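We call the chains A, B, C and D, going by the order they appear; numbering starts again at 1 in every chain.
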Amino acid sequence: MKDYNDIKIAYIGGGSRAWAHNLMNDLALDGSIGGEVRLYDIDFEGAKINEKIGNDISARADVKGKWRYRACETIKAALVGADFVLISILPGSFDEMESDVHLPEEYGIYQPVGDSTGPGGIVRALRCLPMFRDFALAIEKYCPEAWVINFTNPMSVCVRTLYKVFPKIKAFGCCHEVFGTQKLLANILEEKYGIKATRDEIRTNIVGVNHFTFLTEAKYKGTDLLPIYDAYIDEHPNGLPQTADAKHWANGAYLTTELVKFTLFKRYGAIAAAGDRHLAEFCPGKWFLADRETVEKKYGFSLTTVAWRKQEFAERKKRALDYYNGEPFKFKNTGEETVRQIKALLGLGDFVTNVNIPNVGQVENNPKDVIVETNAFFSGNSVKPLQAGKVPDALNALVMRIIEEQETVTDAALSGDYEKAFTAFLNNPNVCIAADKARELFDRMLKNTKAYLPYYDEYIGRRGKTTY
Amino acid sequence: MKDYNDIKIAYIGGGSRAWAHNLMNDLALDGSIGGEVRLYDIDFEGAKINEKIGNDISARADVKGKWRYRACETIKAALVGADFVLISILPGSFDEMESDVHLPEEYGIYQPVGDSTGPGGIVRALRCLPMFRDFALAIEKYCPEAWVINFTNPMSVCVRTLYKVFPKIKAFGCCHEVFGTQKLLANILEEKYGIKATRDEIRTNIVGVNHFTFLTEAKYKGTDLLPIYDAYIDEHPNGLPQTADAKHWANGAYLTTELVKFTLFKRYGAIAAAGDRHLAEFCPGKWFLADRETVEKKYGFSLTTVAWRKQEFAERKKRALDYYNGEPFKFKNTGEETVRQIKALLGLGDFVTNVNIPNVGQVENNPKDVIVETNAFFSGNSVKPLQAGKVPDALNALVMRIIEEQETVTDAALSGDYEKAFTAFLNNPNVCIAADKARELFDRMLKNTKAYLPYYDEYIGRRGKTTY
Amino acid sequence: MKDYNDIKIAYIGGGSRAWAHNLMNDLALDGSIGGEVRLYDIDFEGAKINEKIGNDISARADVKGKWRYRACETIKAALVGADFVLISILPGSFDEMESDVHLPEEYGIYQPVGDSTGPGGIVRALRCLPMFRDFALAIEKYCPEAWVINFTNPMSVCVRTLYKVFPKIKAFGCCHEVFGTQKLLANILEEKYGIKATRDEIRTNIVGVNHFTFLTEAKYKGTDLLPIYDAYIDEHPNGLPQTADAKHWANGAYLTTELVKFTLFKRYGAIAAAGDRHLAEFCPGKWFLADRETVEKKYGFSLTTVAWRKQEFAERKKRALDYYNGEPFKFKNTGEETVRQIKALLGLGDFVTNVNIPNVGQVENNPKDVIVETNAFFSGNSVKPLQAGKVPDALNALVMRIIEEQETVTDAALSGDYEKAFTAFLNNPNVCIAADKARELFDRMLKNTKAYLPYYDEYIGRRGKTTY
Amino acid sequence: MKDYNDIKIAYIGGGSRAWAHNLMNDLALDGSIGGEVRLYDIDFEGAKINEKIGNDISARADVKGKWRYRACETIKAALVGADFVLISILPGSFDEMESDVHLPEEYGIYQPVGDSTGPGGIVRALRCLPMFRDFALAIEKYCPEAWVINFTNPMSVCVRTLYKVFPKIKAFGCCHEVFGTQKLLANILEEKYGIKATRDEIRTNIVGVNHFTFLTEAKYKGTDLLPIYDAYIDEHPNGLPQTADAKHWANGAYLTTELVKFTLFKRYGAIAAAGDRHLAEFCPGKWFLADRETVEKKYGFSLTTVAWRKQEFAERKKRALDYYNGEPFKFKNTGEETVRQIKALLGLGDFVTNVNIPNVGQVENNPKDVIVETNAFFSGNSVKPLQAGKVPDALNALVMRIIEEQETVTDAALSGDYEKAFTAFLNNPNVCIAADKARELFDRMLKNTKAYLPYYDEYIGRRGKTTY
């Protein structure tokens, strides 16, 4: 039987200043498992800083969860013998992300996030997926039996790549966007009926893809919440008061009125379950993202700038240094589920939650093998998707469109056929511009990120020959 | 929200002297729900007796679960407004069952149970499924939103009929045979490693059909139990000591050495999860049922006689009368899960268990819509099958054979095409006799049960014309 | 055995001034079958005119095919006993079509045809499909064994409706657009290699939907034509000289440079096989239809006006009257295949051609049951689709998008849920405008065609309640 | 374009004394193609003899088809540059076949052919499939674009192996058993209606697997032949007069009454389309093969002995020598289709015929990828299966049983897991004996053929450890 005090977690991207601290936090607060966390990062200095922060936490007398943190200089050192592999990386730097998100604005294309789909998401995939190919090959070689949890965006194609490269991998992707919608439903229950429900008492049936996820069922103790949600929307025809979202879980400082969510429900009859910022990106560009005014005034959400991300990162970097220099770590309720998942996979408590995982039949009207987001049952060394039924027919027009885009982009990124990637780019819902303009934009975006594109020169070489 | 003290349960077959008492037992011991149980039975007297027994239990001060029992003279009276419908009937009487089980012995065909497959199971289906058609139509009319739980054999085709007749029915079939195998694995864990695990800590992945069910995975807190089981079998080449099975769950007084189970594991690499008596009936007749000696001496299980069933029924009838006449009801641990399932469907505690339910994709290599036995997640007003993967390829030869038989027999029973039923009969694994002998047996069996066969005369009319 | 001189053909839309004359032409030229053609039309006068024209032709001594033409006042009179049913109607009048095609231009949406997809195709479907429901019900009642051939647009959803309403119907849809592309390939063969091939010696593998059809294989006597086509395009970077298309089969007076076709080949690697005017409508609106200049100058095809259609119809009407008044019918090579298909279904000559028919597995990566265009083998009383493999992955993004639209629109038209139709409308590739503008356009279009919309009032009644 | 006078055909098994002469015959009679035939055989002498016979034929002035025959000492020499590869081998010798067919008789198992299924077919597969693995690897290496036509039994698993080893192979299997049934139907048409139809005017829809193939449709010029066949059977309740089958095509000297065929039609409603000798082997052993009397007296077909095969082979060998020594080759109508297929694949005449090829969706209720026998359309460099619909449900019980057996046996033969092969053996319809007897038989059969079994020692080594 497994020794619960000798668990080995490899963390790719372990130099992170945000998510790594959440993990340390949750491992420290839970006392039922212990072992070693190996921090691997191309920013080795970041990993060393986290090593010290983590070990300082473990050394505290008031901390139950005892873990040994160790920065690793090679991915091999991190992976050999690992029971779990966590992947949370930034593919490229914020400079590349700046091009992903903001260059399209010159062409009238606005992206509130720009990391999952749209011009930004597609180009980010081109540089990210070759890295995931390397991860998959290393996992196959050094720890083929490990459970692999991905947090990196673009989520669906990252997980798709892991399975394409190493089909027997035990991997899934985690995202907390659905939690926010469960919380919204709990808030409505409280506001309208005085019932206090926890987030995970809101039982759901989930379909769709990451960041464009839909609840086709939502129940509290068997009571159907869809008519309640419907009536609530009718009472709020302009959405909720725009808020800095202190109470809505996991949305941080982002403003929202939920009006994108409400609009999609009225159109498709299913509850969109991600932040409005994400949802808007998967819809035709003229719906929610036609221009700044539509975004900010009509639908009341915000376009996150990369400048803001850079500033926020600087703050997190500073806070990490403070911890490194001895300031005591502040524990909090992170709302993350990773430690709970790890424990379930070790046989310490079954539960059901949403994951991004290949479609082996859980979604009837999406193709086999593509990555879908559905509920799954976690138990000892096992993740089994629950049957999720069908994506509602009209909605499937949007979902199939993104799935076909993801398949094309994954193929393009791994084979280096960026011409094919351009085909997907041109057909992206948010790219409502002429083909020659789209080509110009695509070429400029690739150029800005070429340091991370293994097949860039080949693409440019071929470009001269075609005028289409 | 649902009023947990006003739950309405309709019980078709509610005059039962066995399973009805288990239900009363479990409802009484659980105090979280209450309401009304409507007992419907063609044996109305039996229902009246149970009405009094049930109400006497509810009246006891030491009983937490308060239910009102009511015998109903019509199925309509039982179903209108029902939240749950339980179906547990004997199709025909023990006389018909006697023909099902024992007449084939004259032709060298031995059936340890004779209610699920084989000559007995097929003929039983012919008289049972028209009854289930009526149930389905009544449920559609009187309580289309109710959850329907079937306990009647032949399980798979009963549930198949419910869905064929009323496709939107919320029905599943329950059977505790898998529990016995979980308990066997728990016993092995204790015997070999000193670990005390409860039955449902043995986490499984289940495929197959009812009574021919297989665990393709079995884990205790993430530890793979298949190699442990394999080694255990090697230590017991002749099976376990034949026992009256005091400690093996739910096998009552039936003898077993588990050698059928062990043999099937060595052949197919998956753990057969039903009593040996059942398993043997789904395999080619020469394997385990060639003759009495093979059954009793070589494999060490028993052929249950209908004479024994009649005697046991008389005892149960007497005990019911004693209760009716005032003897205090004796509570016990029934090991049944029905009340737990009902509570989960009411939003009172999610869990995973095995059910018989249409294949909507949970089993990759069985056809859609047929009834398979797999794990499912129960939560408020929801039963979602878990993805179960594939039936192992060589084993699927046996499983597909029975599935095709079940499809043919369901069709035949509902359309009255008994000629088609004979085709399935002739191809049944246990019918290894010449076609003319098989025809003679089939005709004799039908004649013995013709009182329950709506299309019997039509079949006999056609028979004259064909010599094949 | 069938009497080849007693074939009964029912023609719904038999008052037609164009296609009916092609049929008369081809029946007259072929002498192997004869019988009766029943002409049914809501324009009964048109049917009477055609009756006389047809009978005059049959009476001519130089005509081999002898048919009796009969105008019918009821659909029943036309259908009872029919062996074949041909459906070629105009749903509504050219006034409704004017709104379909030209009103969207006020919103910057240009449609070269406007009858298959796009705003025009969707609204046309809403008025056309209820008529097809009636046809299907009448066929089921009066001639369930007849073969039904549809020529009406929007093709895919018309055929889909026939099957939804009467699942056992023996129906398929015919369209000659593919022929034009086969002819183009034959022309290239002749121009480049001096090889004279007939259209149907160009063997193809076909996938896609009607008017957005693709050849994934094209061969002449086993030689792969794709590289030849590829090289030919490279020699014509701006397309072919724009021509009134005298030599390109079936394109009538329509101008084309084939540049849409060439562009799609370079992007997707399959040969688009319909007129550029059709193909453009299935692609995102900014690609080929951004504005008049893009259409006419850059890609060199034309936007067919309804004014032109009206004028052409007046000419055809006049010509019909001339025939009616005694002018001798002029025979020509129509290039149509209907008579050949009818003969094949009568056992007079097997062959393979392209049809629109439900997907029963011939296209691997499109859903079952939707209408796809693929090759099929025609023989006596049998049409069997040939396995067509997969739609190329990147291209499937476009094809799946239109298939999902078609499913939604069919549902909406038959159930009267025009709100759902609007959802499809809004997501149509050519509707790149804001949602409120799209709503306004949709409502105006519906109003213009409301005389043909059975559920119009219901839709308008609901509209007040929603602001989404 | 292809040079029709420079076609290269590689013939694996080219030393054959029977089928090779049919090929020479048909190539000589057809004058439209020419080139080289490379004869490869482990019996090199046989190939040399055929080389001379073939070249002598080509040299004759009265022969139109001019081919150069060349015996090759290596498979490489035969394959490099080949356009077509024909495979027709005897796996092992007649001595091994003697064990396959006759040893099971000691256990009461009778096999009229013993090369496709049953104990004989399974053991033959174990020695044959490793050879096919080698062929597939060589074809992939030396002529990956060639069309490969297999004639070797066991047909289904031979073709399955080719695709498993080299998935892009362009291979299919040919068998003329269906032709005989088409001829039977033509004979009935003539006898009952005086209509003279050729074999291939009988249009069919085909499902099933090789040698257990069924016509679910049969039509002559659109007229349904199933009711005619049904009535004909009623007139012949004991089958046709047993004949040496002079007029029934392709059955050679084999006796038959067609009563197996007739019986299966009455049971399943589809026309079994192979010789009774083959059909009987796929059914449960007690139906047609219970004992010699059942076979010969009741059903009136014969058990072909291997002694007879040896004698017949000696005669053919002598005739070949006569030809070699100068006796002029006698041309005949072989009834074979191979040359017609080769021509169609070269673009010289499309047609539809039955082939054994992977299920890519043409059969709805059989798994993907397994080898099914259905109709396919042959045209230039293309073989496209026609949609065949479903195997009738009750019949699918038998078909799925054999398909699962074939999958298991293919796996076992290629992986060397003969224990798994035994599992299939034990579950074979014709092995109605106890497991220990079956094990003894299997072991004896393997021993008799061990010279051809690459994994025999490994199997024997493992055998000691298990008693199951």
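Convention: contacts are C-beta pairs under 8 Å (C-beta built on N, C-alpha and C of every residue); 3 or more make two chains touch, one makes a residue touch a chain.
Source: prediction; values computed, not measured.
Path length between subunit B and subunit C in the touching-chain graph (shortest route): 2. Using CA-based centroids throughout, the chain positioned farthest away from subunit D is A.
Remark: subunit C and subunit D have CA centroids separated by 44 Å (rounded to whole angstrom).
Mean C-alpha position of subunit A lies 55 Å from that of subunit D. Looking at subunit A, no residue sits in touch with two or more other chains.
Checking each pair of chains for touch leaves A-B, A-C, B-D, C-D. Here subunit A touches subunit C in the complex through residues 237, 262-263, 266-268, 284-287, 290, 294, 365, 367, 393-394, 396-398, 400-401, 404-405, 407-408, 411, 420, 423-424, 426-427, 432-435, 466-468, going by the rule given at the top. The part of subunit B that touches subunit A in the complex is made up of residues 1-2, 195, 203, 205, 217, 219-224, 345-348, 350, 352, 360-362, 364, 375, 377, 379-382, 384-389.
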